[in-house]
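In what follows, structures are represented as structure tokens.
In the two complexes below, chain A is the common chain; its partner is chain B in one and chain C in the other.
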Partner chain A sequence: MGRRMSVADISYVLAIGGLATVALTILVGPVVIVLLTSFGDSQSLKFPPPGLTTKWYEALFDASQSRQIHRAAGNTLWVAGCATAGAILFGTLAALGLARSRSRLARIADTAFMSPLVLPGLAFGLAALMYFTFLGLRPSLELIMLGHAVVIVPFVLRTASASLSQLDPALLESSASLGASWLYTLRRVTLPIIAPGIVAGGFLAFIASMDNVPVSLFLAGPRSDMLPIRLWGMMESTLDVRVAAVSGIMVASVLGLMLIMERLVGLTRRMRD
Partner chain B sequence: MTIAIAGGALDAAGTGGRRWLAEWQLALPLGLAFTGFFLAPLLILAVVSAFDDEQITRIGFAQWIKFLGDPFYWKVIFDTLKLGLLTVGATVLVGYPLALVYLGARPALQRILLFIVVLPLLTSVVVRTFAWIVILGREGVINGVVMALGLAPAPLRLLQTEFGLVLALTQIEMPLMLLPLLSVMSRIDPNLMSASAALGALRWRTLFRVILPLSVPGLMGGCLLVFASSTTAFISQSVIGGARLVYLPLLIWQQSLVVYNWPLASVAALTLLISVTACIAAISLIGRKIARHVDG
Partner chain C sequence: MITGDRLAASTAAGSRARGNTVDLEGIVHRYGGLKAVDDVSLNIEAGEIAALLGPSGCGKTTLLRVIAGFVRQSAGRVLVDGRSIDDLPANRRNVGIVFQNYALFPHMTVAENVAYGLAARGIGRAARAPLVDRFLDVVQLKALKDRLPKQISGGQQQRVALARALAVEPSVLLLDEPFSALDKGLRLDMQIEIKRLQRQFGLTAILVTHDQEEAMSVADRIAVMHKGRVEQYDTPSAVYDRPATPFVNSFIGTTNLLPGRVIGREGGSALIELDAGAVLAVPVEASIAHGMRVQVSARPEHLELHATAAPDRLPVQVGLVVPLGPTAVLDLRMRDGAGIKLSDRRTDSLPAVGAALHCGFRADARPSVFPLATN
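For the complex of A and B:
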């Protein structure tokens, strides 16, 4: 690159570099600020906080003070685990079924299964509440699981389909020509190859369920309190700094899980592709 | 026995391979669950919206007439779509340059950038919204800087303003813009850029004539996701926007869980569903037009 930079090229570097810096600051800044706030001793969310403390974390871990938060967190983990298991089972089966089909119906089905990603979740949340009410069902954790499973299936379906599309058909053909049954080929060839994709999709689905507001908002009841809804309540009424402590724990766990997933299945690359 | 027969029947039908059931049938469980727990509820939404009274006894279109005849509700619809478009604009403005930096970065830096993009996406929306309360508040980060530099006589009012909400949503939704964009960018042949530069093209020209046209599919994918997500972002809208800024999600929540007027809530939910879907269809139509123009 012996060419000297022209004025136009300098303006390019400045404009693009400047805007990209803004983007990076906007992306990372809030995460850092949440972590700092959770260790700050200000009642009113003053930033930077006057001093450092761990009292919000102590209050959060105190069983008598924060029992409701603990129960909501437990519910949320349980629901996310079950909904993810369901999404992995149904999503992987559907991906296997649709992957090699070029029929019009298969394309329509695929688009439909992916639609919860773009359709307004709140409309579905309200719809699910009315639907279950008309069926005579009361709000419960099981119904929330069902609702979550439907909206998180796209994550599994997408990553599983992507892995399947990279699977060399010659492998399946040679397995079949060597006399292996379809089920044997699935168990010994297909699944081991697409497993990382399924794990990555399952992880994203789990996070999406943990994070879900639109469905939980309508289906959560007094006995089925969910963490995001409780945190929202805590932010709306009095600004409870324990929200910062919960946030700190969530950021730390997501960071840890992400590093593990990156090692195991190359998570971020899969999310990009 | 039955397995062998089924497999034979399939082979006769020309699907190839030895299978004990047709492959597409594996999609049936999800298909049934999807019909029973996604399509059916959405159908109920349409049915409930066609009732006059809150007890859901009289069929009629009174709620639709009330909703569509009231300028207040039209403003809510307009504001919701406007919020989506503003967020799309802001995420493109800062997100696209970041994608360009990613495109030109070495693999090691690319991996770090990708990690930075994904981290906020996996951090709960509630956490991200909370962060913006700390940033935008009276004693928050921005006002701290503004007061320290003496830029304003009194703390700026940022919470409960559209500006503050769009700023927060820019961070909250940016990963959704960047992921499809980075996906498309990473497939652009680097030789095209070097060829353009070697032929003496300025970087701006390379951007607008080579990179931008090739990244249209990713850009459109990102716009679609950001628009869909920001228009339905109930928590961010209600906590940062407050009660003064009313968007369709808040209206749906109020009517269904506070006022218990399910027909009106259904009308609002369907309006959100239809208007967002229409905008998404328009965005992808424009995207396809541009892509075809580029190819041709």
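For the complex of A and C:
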């Protein structure tokens, strides 16, 4: 039994469909263009490319031609890895500490830990630079790690808190009545159950660190070149097509990781919580 | 290994009553301004099942949580075997609990769930395995030991929850509405199962329920709760036959409340004139005085029909006849139009609808009499 669609129904479908199309075009379009450009055989960034080649990728992977890019990429991965590890540790502890506490102090602490998410990155970068300088610390890779860790903690805190709030308190009470200590319960019940949430948050945090510019910009020393900043520099000076190749690799690896995460921990479901 | 020996002893035929007594002394629990539990004192004998029975919100779960140590009572003491456990945290109380939703650990297999309490007590893997097997045997779930909780049925989940609680040999077993998520047939099976295990292990158990039939069939004694207080604590038949308060009377079973007045008082009994037109002589409490307005509680199965009139019979008209399995329930109209229910063994000679008859108490009936609040 087909139902006749009213004018309102039709315009609703058109509006939503139209918006979705626009959104997808804006999202996917640039990615497609970057990917095509990275396979283009012109000497500088140009679209559409006159012909197709893989030479930019070859140049990118050649250690002698792209030493600086390699170093920047290594720094970025190392910083993102360490900062994510720190954020997972701190974010999980904070989530455990704040869970089910309704005290004012807990609310304030929660807001404080979440604030880097809304604080403009540039302002935070500048503030961090001035603060560390005041403490007598020189910009370095370690400071970038610290800065990134602070900025990406909210991702882990949010997903871990969401998982904790869905944890049935009766499980913890069962565990206690079976004779388990607080620590034993944490290890055998709480952490295994919220682990997918933590992993999902850690993934988001890792990506956020990977392409963080403002904090890196302020805290980078002479020997701590970061990938996004190096790419920007290459764009400014030479329009080097390797920039597109790097972007291509990043898009591909993030997509791959996202697929894995979706399978493992249901990433999109946890981002909605 | 102590645990192994105790298990062997408890599963051996005929061993029983190694359970512990549980005494509650003047337990009060407040949530903010609300008194969820109000001065509850109960003594539960070793190896007994006591039911906490009452309507929703009367404080049953709160009382259970106090015993389990999940909340600290505002006042009063909990004693197990005469020793106070108030200062012990939940994980040192050795109180087993089965929740309404079973609260199985979702990421562990059936066997891991049962082994959990033993592992938490530091019993090694090798020593655990035979115990886990024994308890899985006890609840007949050995075949499903490697399944996850979500891969088994509700009744099976409940057995796992039971085995998990029993495996640590608790001194008291607490059950919070353990049957309410099961369908009716399974519910009866599990009631029998729990009773069997409780007997087998000689456990002292406390069952929370708002289902009076469940309390009647499972418990040795029933505490009827109302607004945080225990109104009566007695055997199922005493609670049914001799309700202590009008609340217990109306909460347990169905009853007809017939208003009347005390027109005579002699020794332990009173002469009561019912408004519906009959005079009864019934044994009453000392508090029932001459001239008092009262309510006589008449259980449907305590009434019978007669063809002839008598001073202690109410004139009635048959309104409806509902056959319910082996019994029939009759809805009768009294002179003033009010309804009264009567249940009778189903015979071929059920009265016809509209017949004018006379309703009296059976010889063995013992109606309860409560003072009627005057207005």
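Note that in this section the second predicted complex is superposed on the first by the 263 of 273 C-alpha atoms of A that agree within 3 Å, B and C clash if a C-alpha of one lies under 4 Å from a C-alpha of the other, contacts with A are read in each partner's own complex, and residues count from 1 in each chain.
By our rule, contacts are C-beta pairs under 8 Å (C-beta built on N, C-alpha and C of every residue); 3 or more make two chains touch, one makes a residue touch a chain.
Quick caveat, the model's predicted, so the values are computed rather than measured.
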{"item": "Overlay on chain A: chain C relative to chain B, clash or fit", "value": "fit"}
{"item": "Chain B versus chain C as contact partner of A:A252, first or second or both or neither", "value": "neither"}
{"item": "Chain B versus chain C as contact partner of A:S181, first or second or both or neither", "value": "both"}
{"item": "Chain B versus chain C as contact partner of A:L171, first or second or both or neither", "value": "second"}
{"item": "First, second, both or neither for A:L126, with chain B first and chain C second", "value": "first"}
{"item": "Which superposed partner A:L137 touches (first chain B, second chain C, both, neither)", "value": "neither"}
{"item": "When both partners are placed on the shared chain, which of chain B and chain C touches more of chain A", "value": "B"}
{"item": "First (chain B), second (chain C), both or neither touched by A:L117", "value": "first"}
{"item": "Included angle at chain A between vectors to chain C and chain B, based on C-alpha centres and rounded to the nearest 10 degrees", "value": "90"}
{"item": "Smallest separation in angstrom, by C-alpha atoms, between chain B and chain C in the superposition", "value": "5"}
{"item": "Shared contact residues on chain A - chain B and chain C", "value": "173, 176, 181-182"}
{"item": "Residues on chain A engaged by chain B in the complex (per definition of touch)", "value": "6, 8-9, 11-13, 15-20, 22-24, 26-31, 33-34, 37, 44-48, 89-91, 93-94, 96-98, 100-101, 103, 106, 109, 112-113, 116-124, 126-131, 134, 146-147, 149-150, 153, 157, 172-173, 176, 181-183, 204, 207, 210-211, 213-214, 217-218, 228, 231-232, 235-236, 239, 243-244, 246-247, 250-251, 254-255, 258, 262, 267-269, 271-273"}
{"item": "Residues on chain A engaged by chain C in the complex (per definition of touch)", "value": "168, 170-171, 173-182, 184, 188-189, 192-193"}
{"item": "Touch list for chain B against partner chain A, complex", "value": "7, 17-20, 23-31, 33-34, 37-42, 44-45, 48, 93-98, 100-101, 111, 114-135, 137, 139-141, 144, 167, 170-171, 174-175, 179, 182-183, 186, 202-204, 207, 224-225, 228, 231-232, 234-235, 238-239, 249, 252-253, 256-257, 262, 265-266, 269-270, 272-273, 276-277, 280"}
{"item": "Parts of chain C lying in touch with chain A, wherever the complex brings them together", "value": "68-70, 89-97, 99, 101, 103, 105-107, 116-117, 119-121, 164-165, 168, 170"}
